[in-house]
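Both complexes shown next keep chain A, but they swap its partner, so chain B is in the first and chain C is in the second.
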Partner chain A sequence: MEVELKELLNDLQSLKKSISDPSDLALIDKMHLHVENIATLEKSGTTCRSKVKDMSAEVVDSNPYSRLMALQRMGIVDNYERIREFSVAIVGIGGVGSVAAEMLTRCGIGRLLLYDYDKVELANMNRLFFRPEQVGMTKTDAAVQTLSEINPDVVLESYTLNITTVEGFDTFMSSLTNKSFRTTKSGSGVDLVLSCVDNYEARMVVNQACNELNQTWMESGVSEDAVSGHIQLLIPGETACFACVPPLVVASGIDERTLKREGVCAASLPTTMGVVAGLLVQNTLKYLLKFGQVSRYLGYNALKDYFPTMEMKPNSQCSNTACLERQKEYILAKPTRDAAAKAKAADSEALSVAENPVHADNEWNISVVDDDEVDGADVRNSGVLPEGIVHELPVADEYPKQPITEAVGPADDLEELRRQLEALNAD
Partner chain B sequence: MEVELKELLNDLQSLKKSISDPSDLALIDKMHLHVENIATLEKSGTTCRSKVKDMSAEVVDSNPYSRLMALQRMGIVDNYERIREFSVAIVGIGGVGSVAAEMLTRCGIGRLLLYDYDKVELANMNRLFFRPEQVGMTKTDAAVQTLSEINPDVVLESYTLNITTVEGFDTFMSSLTNKSFRTTKSGSGVDLVLSCVDNYEARMVVNQACNELNQTWMESGVSEDAVSGHIQLLIPGETACFACVPPLVVASGIDERTLKREGVCAASLPTTMGVVAGLLVQNTLKYLLKFGQVSRYLGYNALKDYFPTMEMKPNSQCSNTACLERQKEYILAKPTRDAAAKAKAADSEALSVAENPVHADNEWNISVVDDDEVDGADVRNSGVLPEGIVHELPVADEYPKQPITEAVGPADDLEELRRQLEALNAD
Partner chain C sequence: MEGWDPNTKSTLTQIPLLTIKSGPRDGALWTQRLKEEYKALIAYTSMNKSKDNDWFRISAANPEGTRWKGKCWYVHNLLKYEFDLQFDIPVTYPATAPELELPELDGKTEKMYRGGKICLTVHFKPLWAKNCPRFGIAHVLCLGLAPWLAAEIPVLVDSGTIKHKDDVATSSES
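Presenting the complex of A and B:
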């Protein structure tokens, strides 16, 4: 609009020179004033902040990072500014993905890759982020518009495509492996993939890509009755992949593939989606900046404010061949991992260990899980689930390409766990 | 801007009539085109949706309420459209309050009352909601601007004032008792007050107002290290008021009054504040629309993804005289309450009971708490707190006008509770 306004002013100047009638000249002066008013109105609506070179911890109202850099002074994070080095891919820019993208943008993440093929509709207005004036735009375009205004420091890449198509999958894979921003420790171009999609097929595609690339990712979901959700961390070879165990969702139990059928409309709430996005990005920050404990599975039951947690080990009978390869690698790397863990423990008195990863594909600061350790809310590879969690899909699942094998394992201590959780979850 | 553009077009028309030089006329035609381009650009940036008379459940992309009305079809909510009858007051439009306001606006709440005296700063950009171009505006004005664009159906009232001043408190009280929108069952003009303030004094003022008005409210807070928060339901006479027990916050333990001192900058995260706002508004929806269980106290420890819950009974030694009056009324109303509960139980086979409140000041659908019932995660009036929760303020508190008396009561079953919570919260 700036260009149009400048041209209009130039035209008025030329016109003023060529005419002499006083009433016409008065009219031109009046028009000049209108154009200036429009320019002022326009300017007041689009004042964005300029880019910031370094994140400052200075406590002034004009510093957009002061409250984040304060995390260092509070002793929560060692080096907050490292966030600018990280790339996060968000697949699905809907009720969860868009809010996750906004949170990471406001936190000053280095680079965001956004994937979606849908358009903004008025029917999306019951969730945060998109605005009515963006109706009709692609979700990726609308997201880039809003996010670049909020924080011009973040590098935004948007991909308007469907990852479940052959072509879409190829672009998805090549974008994840593009190392122009920074090569990550895992060898891909991104540090973490966040799955914020709303259907089973897309989740299986993210799973396939991440298993192939040995890429750590987090999965998120909200039930179609809008009152439960979950997040899950998936580390190829180390944790269960999405094909290892039947996908789980808290409380609901309805086949997710019935979603988005003609005439069927899933319920959704800005609250549930906001909470799930918040938990997802909080765990992303903990994972990237190495503080706190990253949850492996965290459910949210909104009706009871109940938050079940558990862990799932990989299934040695998994139908996904890339998963089996990662499992083999993980087992082979055990001696290296043990040695590194021992070395780290020995060095723990020294202050210089924080920057060294335990092993190549375990970038986060949680020590290696010992198989003998069983904590109260830990379910491993058993068919029995904690109270409040049900299988999302029927056990006898017939998904064509990825037949799901029921996970096996002993149900040790589950009666005790069940009793404890029931006590907490009592009516 | 629309007016300016229209005038500009009129001026161009008049000018065109009065001049004859062909190059001048060409210039005018060119200017006409520029004005039209500006109008198009301007229009694309401000297309807001028109008001909606009735909430429709129709499953079309253009229906902003389809995903909310689906909560009825899913069996979660009996009558979603009732949300349009409710008024909610939000005190403090910061990192939690602004997001809570947006969530309620997107849910189609009837009326929102917004209170804040602060201005938007770039230093607020690490939390959701406010945008850089709003820097310098009052938070109330910026919120009304954004919220009215998102959902024109919501009645917005903003109060740019400090409730801790004498004048501010008077306006606060009179705005809460204004019954022009709808008289609520409790007799005030609002159904719920949400406290989203960031300091102790303001919380004590909300507590005073709500005790005086017999107004149910919810309190929220985030610790200054940004990694824990809580929400709490306060029903005058029935639950502990904010002066009954020393205020609690999860995990932190630092005196909250040290906040906002000169040179001291609290950390904050969009994730923690988004989660707390989500939990707060989710419980607001459960309370207003009568579904699920409304949490009385729910903590959020972000480092461990731990969510402690508990209940707090009123303190008969409370220093707040209005609280003591409400406690007396609550005890006196016990026979009525018991009779109503008995009648409700007798009627429970019939379907028509849902609309009758158990008693006048208990609008929510949780049955009356029996003093003998003790569930696992329930702490009542004991000095001992569940694992993960610490006193926010020093026990020997010297707040000038509201000296806090330590709550009294037996520590029954606390050892067992402690053991259970420790098991769940184990490293």
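Presenting the complex of A and C:
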């Protein structure tokens, strides 16, 4: 195309020389300008690369995966190319979700499912990823536009819906169970769900879906004052679910009353959002590609640069019935788990070397304890939370459970009640 | 409940509490809950009328009772300001409260999330969490929306962000 345009420009030049009429000359100048514009547009548009069939470790400038495949050579990851088999669902394509999506796209993830109902606004420009020219587009469309340019190998699915509504939830559930990408996969159709939403209601919905589907997921959040955040791994039945304990937040470490609550409902910083997205995707990569230690809970306090960690056992009194079912299944599967752990321990025994303590000082009193020693620490009581982590909402008060009694009389018919309210509404 | 005015407190005690913990995906149990919601709304609406403090209309917009629409109004300097009110019952209800929307005010105040959802985080969410499943739609209106309107509408009117409908009519004629 570039050659063709150059030819056209040359032809216009020679045509210009052979014409004497000034009105025709002006027209030719105009055509000349148009051709030049097309040429620049063409140049900027050709940077899109074509799809890559196999990830290569070859170190050449044109290989988009050479630095990722080098993780194998460095002994960090056993088989990096497995990343192409994985599907990750990202709920909420905002300050954290969009950046997480870009990171996974650049890592060459197999498939991304993106959920959001919002549109891109100029007010989002203090965060990363979205560009001013995308204002007005849905966040899912804008994300697909950018991500498919960055890496056309990633399969992108976008869902523009609100998962908290009844219809939205049905679509959410069916999209998570769809196995068309990898038909041999056990469990649901995705390997991990990342919750990058900005409110409690949506988190509870992701929790509900993942408990029902027995789907491992990760939670992320940034505080409304933009100076703290956290990520959390949730394995139904094994770890506390999101409804097991009141939501936890990293205390900002300054007097809450000095935080200005007036004005905007939420503040945000590209830095905090970027840090949390980075922590989230790092944990995701470790979980999917099986390297390093996957964090159960990792907090980030930006004011003090403090990163608390903790683990939470499920609550046997959890109000979520699907969570209780998963807990029962987890307990029943204990013998199988123990046997597997024993076999693994025997394998690695030959390789084990006596290790010296890595850290001489231990300011935060962090200690490694055996799984069996922490026997269901009751984190519902904030007294046992690690320093720097507090509950965001209180626990529901205990009420004596009343038996559901079918009250008799005219006042118990739904239609009748509806009519009564409408009658009151009418005057 | 510290910090709430005695009027709201006494009103609250007269709204029947709910007992059934079920949401829109729970089938017959949801119908039971819906009946309790209606009873609480009927009691609250009648109480408001008897006290000459009528301030909202709300009815289910679908047969399942998962979408609600209506109006709410607030009187400031003897003028009545009326707004459309709508909300969905979330799938995780009653563990999470409905998010009340005043679409006409979307983008006009900072105490609001996208789509005209009023900000309830500080003054209401902790109360809802503590009182689950005893609070219902009537309680969100009484403890969530009413104080929000009382705090926001005077500010929006005084700053000129919203105008009374009569003023709008005269200014557009002139």
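In this section, the second predicted complex is superposed on the first by the 298 of 427 C-alpha atoms of A that agree within 3 Å, B and C clash if a C-alpha of one lies under 4 Å from a C-alpha of the other, contacts with A are read in each partner's own complex, and residues count from 1 in each chain.
To be clear about the criterion, contacts are C-beta pairs under 8 Å (C-beta built on N, C-alpha and C of every residue); 3 or more make two chains touch, one makes a residue touch a chain.
These numbers were taken from a predicted model, which means no experiment stands behind them.
Of the two partner chains, neither chain B nor chain C is touched by A:Lys51. Legend: residue contacts after superposition of the two complexes on their common chain; A:Ala243 is shown touching chain C, with no touch to chain B. By the touch criterion defined above, A:Val166 reaches chain C but does not reach chain B. Once the two complexes are laid over each other on the shared chain, residue contacts for A:Glu224 go to chain B and to chain C alike.
Using the contact criterion defined above for the overlaid structures, shared-chain residue A:Glu201 touches chain C, although it does not reach chain B. Residue contacts after overlaying the shared chain place A:Lys17 against neither chain B nor chain C. One of chain B and chain C touches more residues of chain A, and that partner is B. The intersection of chain A residues touching chain B with those touching chain C, taken from the two complexes, comprises 224, 263-265, 420, 424.
The touching residues of chain C, counted against chain A in their complex, run 19-21, 24-25, 31-32, 34-35, 38-39, 41-42, 45-46, 49, 57-60, 64, 66, 70, 88-92, 95-97, 99, 110-114, 119, 121-122, 125-126, 129-134.
Contacts from chain B toward chain A in the complex involve residues 1, 4-5, 7-8, 11-12, 14-15, 18-19, 21, 23-24, 27-28, 30-31, 34-35, 37-38, 41-42, 44-49, 59-68, 70-71, 73-76, 99, 102-103, 106-108, 121-123, 125-128, 131-133, 135, 149-151, 224-227, 263-272, 274-275, 277-279, 281-283, 285-286, 291-293, 295, 298, 302-305, 307, 309, 375-377, 420, 423-424, 426.
Remark: chain A residues 118, 162-166, 169, 199-201, 204-205, 207-208, 224, 243, 246, 261, 263-265, 319-320, 393-397, 399, 402, 404, 411-412, 414, 417-418, 420-422, 424-425 touch chain C in the complex.
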